[in-house]
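Both of the next two complexes hold subunit A, though its partner changes from subunit B to subunit C.
Showing the complex of A and B:
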């Protein structure tokens, strides 16, 4: 009798749970696993007239080692990533520190600061053609009004890369700012009050409280920015199309051209896997670092 | 916490936002290719489209005569809108076409960069979503090679009166050749691309400039006939105020941005350095080995001459697509340029500062060329001039998977009707350039100056313009157009390396050597023997 009064526990093999899991499984299979496997399959073939031509084994992967244009794309991307992410991290965190205090108009300022995040990168790129227009664009006009000379933003290989970098910094620094600010506001106020009572200077508070507490989140922001920066495509494509020459031809643009302009889908797939490998490596390294920080804190 | 007011940040941020939002007098960018290849293309913005419309030539159908009832014809075309190049005329003709056939016309606009990929995907999968594409002539290597499009000879030769009539013989030999592939008709004539030289007539005819030029160079100022004269005229006018705004202007303007069609500049410009009476066809590859010829002494001399000319243009043109270069000329800020027919027609439209001042002539030539066949420089009597059809010559092809090919041909033939084509050629904004005898003035053609004047042209500009195109397309020597699989990839390599030479990243020789290396890699990947076979056929060397 007693047993019959106890509510029945759901059986471990209850098929209902599969009903709920299935959409996610189908989604992952369709949109992640299948494309990945298909790309892997494609990477072993050469193409002609947009169709699979013949099996080339690891030929497309071997080309990765000898293609000077691809190496240029890697070099440009690496330069771009190092400069933009470094500046964005420093600038975004510094701005977050500055605005993490009571001040007039703070909420308005914060709202304005994050606006670039909402702009579509490709639109920003096209708009920037006007901004960086060399003859009478507003930036050069401003420089001339200040007594300087116009800069060959889009016609000079060095300055073209600088222009691309500036736009990316403008657009993505707010991301670092926003996440850093949110993290800063979550730091316990009592630690700062105790430090103040102990006579700690602002620098000492920053070095001994803020920085250690912010380190995990800064690593996480760095990880997100690095992954995104490696995939940069929209801004150089819309602003310079990779030129002058190949001065701003980032890796993703090179892959795009290989796949959708030259229809060399097999080689483009191999390039995709190389990028996947690089990004995965970075993610693994940084995740390892973040995990160790948390473990140190816990211990 | 401390209460701080930090005024510098909001000022900087607001300044940045204002700078971002403020309109500059520079050309706005729009993905609207007109001629040839351009990713993220710009088009001329200083002029406005007029109201001139082509006449209705097809009668509305009734009953069984509406042979396309319940059918839909879908055309894929580069994004440019209802008043944009190449796409615009489709919107104009839609109502007429639908009434004449009973079909429905769907216009699918895609950015230039997406057009060929979308079309090829549709064709390789056999989907048949698009009945027709307004294709670039260089696509034929891939489209015919892949057996994706229909030959149109049967439709063209139809004698039942089912389709509007257009005359392929009306098209000049140069652009006419592009409509055919392997002796079959694959394209219906529409746009006719080729580069000619544009110059400021008012400056060349100015007595003060004539005297000063003669004093400086020792010969009369005239329309440049040779590359050397072109250089002299560009050098002379560079730095002078050419439009009366009190600021120095430029001797010439070009578009040399990567993806901005600079390689077409090089093709038109370099042709007389390589092509000549003893070598009318070899420019791209050795037809026996498919070894690229791009690093020949002729190509190298041309590249050096082109890079040398850059000093007489604005430095910014290294980052310009053709629209920005056209704007520069239309604003009266350059004395010379060489480009497509669009510019001559745009010069007549409202907003242009060079209407009545614009002359056109075939591309300047050389006095010697490097004969690849003998490996020697050869002197010529007079000037070695070579016509060209560089560009896209955008024209309709019909998909093999179309379920309404007859209706589709009707549409393309309707737009190729001579009375419509004339109006297209008058206007600058529609991107359709002249290339038919019916576009030209007597004695070269059958059109009249009244037609051009009624369309808003300056008579002097019209005469010079039509004569230049007649001469260019009718030239005894023509630049060999490349139409083999992978053409776009070959041209992109040339475009990028030209940009490297123009911006000083490589010397002319290094840039051409890099071009050759890239060409070889592309050829090897696509199959040297197969490429050679198609190349030989495309040149008619079999």
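Showing the complex of A and C:
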């Protein structure tokens, strides 16, 4: 957090500004807004064999209420989001608190923690097929070595979802860790010194200094994680292909299949808007709590 | 280091660190170790350490890199990453300068910034259908060019946010002095601002490359043959070939290594990028 410095307010107002801003604005209009409007248009039609068939009004949206497979996708995604984000937040923040001190090897630790964040998610999912391999994958071998039994990771609906969740936790806990650590290190040291002089215990200074100062950042991390988690597609697609059955068929995968396997573009567009609505709702609910972080931008 | 660390704490922290590192690094190690195992060794238990427990081989690397599809996919991924990142940084730098130095009405700057960032909220699956239909219309299906365009769009928020912050942190007087000396706005931008933000610009470019390289949903939807990049090659392979650990190892590493190297190069700016400018690591 760079709350200490006050960036200069933009001063100039001459029309040159349009030369600088317009290319990007036009680009986003062309490649985000136009496709969105096109998707909205599409969602009111039924498609057959990739061609517009007929206007169906809100027909595609009404199907959202009765489609059991869609509800399955929603349920799988919600379970995935709640479990992964909760574990990532707790684990990542706890690790950051623990390692927020002067010590050797810290920059190496940080560099290593960056690796999962940029490891191609599809590749991670694909690799996980071998990690969770039931006969002699390393995870089951480890479990057996510890005296347990092997787990039917990819053939059992429950464990398949657990496997997907574990991989996502592996990939994204470092994000919570790194951002929390960066924010913790930006906290004013003199507050802690003053608290120590006043005889506050470690727990007390955590409760009354660290937590309140970190709260906006934690809300921000939570928001970013929630948004990303709702979009999940790559890992379940490469690790389990949504299976066994539909046990790991997350929302985006179901919509993808509706659109590009069954060519039901209109219905898929309607599904997309439901997901967009859910994600936007979360952003709207949480944005108020992180506004203060971006305040400096809004001068 | 707010408080003194007692020996017990030190051991605890050391232990947690070791566990965390093993947990993070193991999958990479597993990919690597399988990529140099003979097929028979991959089906044997307890073959975890090369030379000691099995004789390593490079044959899978050689044979995989000889496959035309893989080479084409590596080339495609490179074109997509380079092209998309360059486009995004080009558009993004200009917009970043505008947002940092010009006023767009009362709260226009903040609104424009939010508008650019809000793109990261959009689930890609919402726009994959229109993109598919549009690209089909333009005859750009199975063409790397379509993926360059789309990845540039979805990585655009990174340069906009990171670079506008960097420019805002520069003293405005430098450009004003150049303007007084007779430079025009574009000269002040290219000769004064650009050199000063160059490190951030390069880092942003690298981050955009990593994201474009890793993108999967659009690549899967818009390519069928010629234009297939690495992530799509990978996703298709397993379920037709059965589990062949050695191929998995090679392909996974070929796919992951570039973005990971990119990430390490741009480390200083990663937190800023991933939090959309809210936290500066």
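Everything below uses one rule, namely that the second predicted complex is superposed on the first by the 273 of 299 C-alpha atoms of A that agree within 3 Å, B and C clash if a C-alpha of one lies under 4 Å from a C-alpha of the other, contacts with A are read in each partner's own complex, and residues count from 1 in each chain.
Throughout what follows, a residue touches a chain if its C-beta (ideal position, glycine included) is under 8 Å from a C-beta of that chain, and two chains touch if they have at least 3 such contacts.
Treat the numbers as computed from the prediction; the structure is a model and nothing was measured.
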item: Contacts of A:247 with subunit B and subunit C, given as first, second, both or neither; value: first
item: Partner chain(s) touched by A:57 [first = subunit B, second = subunit C, both, neither]; value: neither
item: Which of subunit B and subunit C A:199 touches, first, second, both or neither; value: neither
item: Which of subunit B and subunit C A:147 touches, first, second, both or neither; value: neither
item: Comparison of subunit B and subunit C by subunit A residues contacted; value: C
item: Touching partner for A:104 - first (subunit B), second (subunit C), both, neither; value: first
item: Contacts of A:170 with subunit B and subunit C, given as first, second, both or neither; value: both
item: Partner chain in contact with A:283 - subunit B first, subunit C second, else both or neither; value: second
item: Touched partner set for A:130, first subunit B, second subunit C, both or neither; value: both
item: First, second, both or neither for A:220, with subunit B first and subunit C second; value: second
item: Interface residues of subunit A shared between complexes with subunit B and subunit C; value: 50, 95, 98-99, 101-103, 105, 109, 112-113, 115, 126-127, 129-131, 133, 136, 138, 170, 237-238, 241, 260
item: For the subunit A and subunit C complex, residues of the former touching the latter; value: 1-2, 5, 7-14, 16-17, 19-21, 23-25, 27-28, 31-32, 34-36, 38-39, 42, 50, 95, 98-99, 101-103, 105, 109-131, 133, 136, 138, 141, 170, 174-175, 178-179, 182-183, 186, 189, 192, 196, 202, 205, 217, 220-221, 224, 227, 230-231, 233-234, 237-238, 241, 251-252, 255-256, 259-260, 265, 268-269, 272-273, 275-276, 279-280, 283, 290, 293-294, 297-298
item: Subunit B residues within the subunit A interface of the complex; value: 1-6, 9-10, 13-14, 16-17, 19-20, 22-29, 39-40, 42, 113-114, 116-117, 120-121, 123-124, 142, 145-146, 148, 257-260, 314-319, 485-486, 488-489, 492, 496-497, 499-500, 502-503, 505-506, 518, 522, 525-527, 530
item: Partner subunit B, residues of subunit A touching it in the complex; value: 46, 48-51, 53, 69, 95, 98-99, 101-105, 108-109, 112-113, 115, 126-127, 129-131, 133-139, 142, 152-157, 160, 170, 237-238, 240-247, 257, 260-264
item: Partner subunit A, residues of subunit C touching it in the complex; value: 1-3, 5, 13, 16-17, 20-21, 23-28, 30-31, 34, 43-46, 48, 91-92, 94-95, 97-104, 107, 109-110, 112-113, 115-116, 119-134, 136, 149-150, 152-153, 156, 160, 165, 168-169, 171-172, 185, 189, 210, 213-214, 216-217, 220-221, 230-232, 234-235, 237-239, 243, 245, 248-249, 251-252, 255-256, 259-260, 262-264, 267, 270-271, 274-281
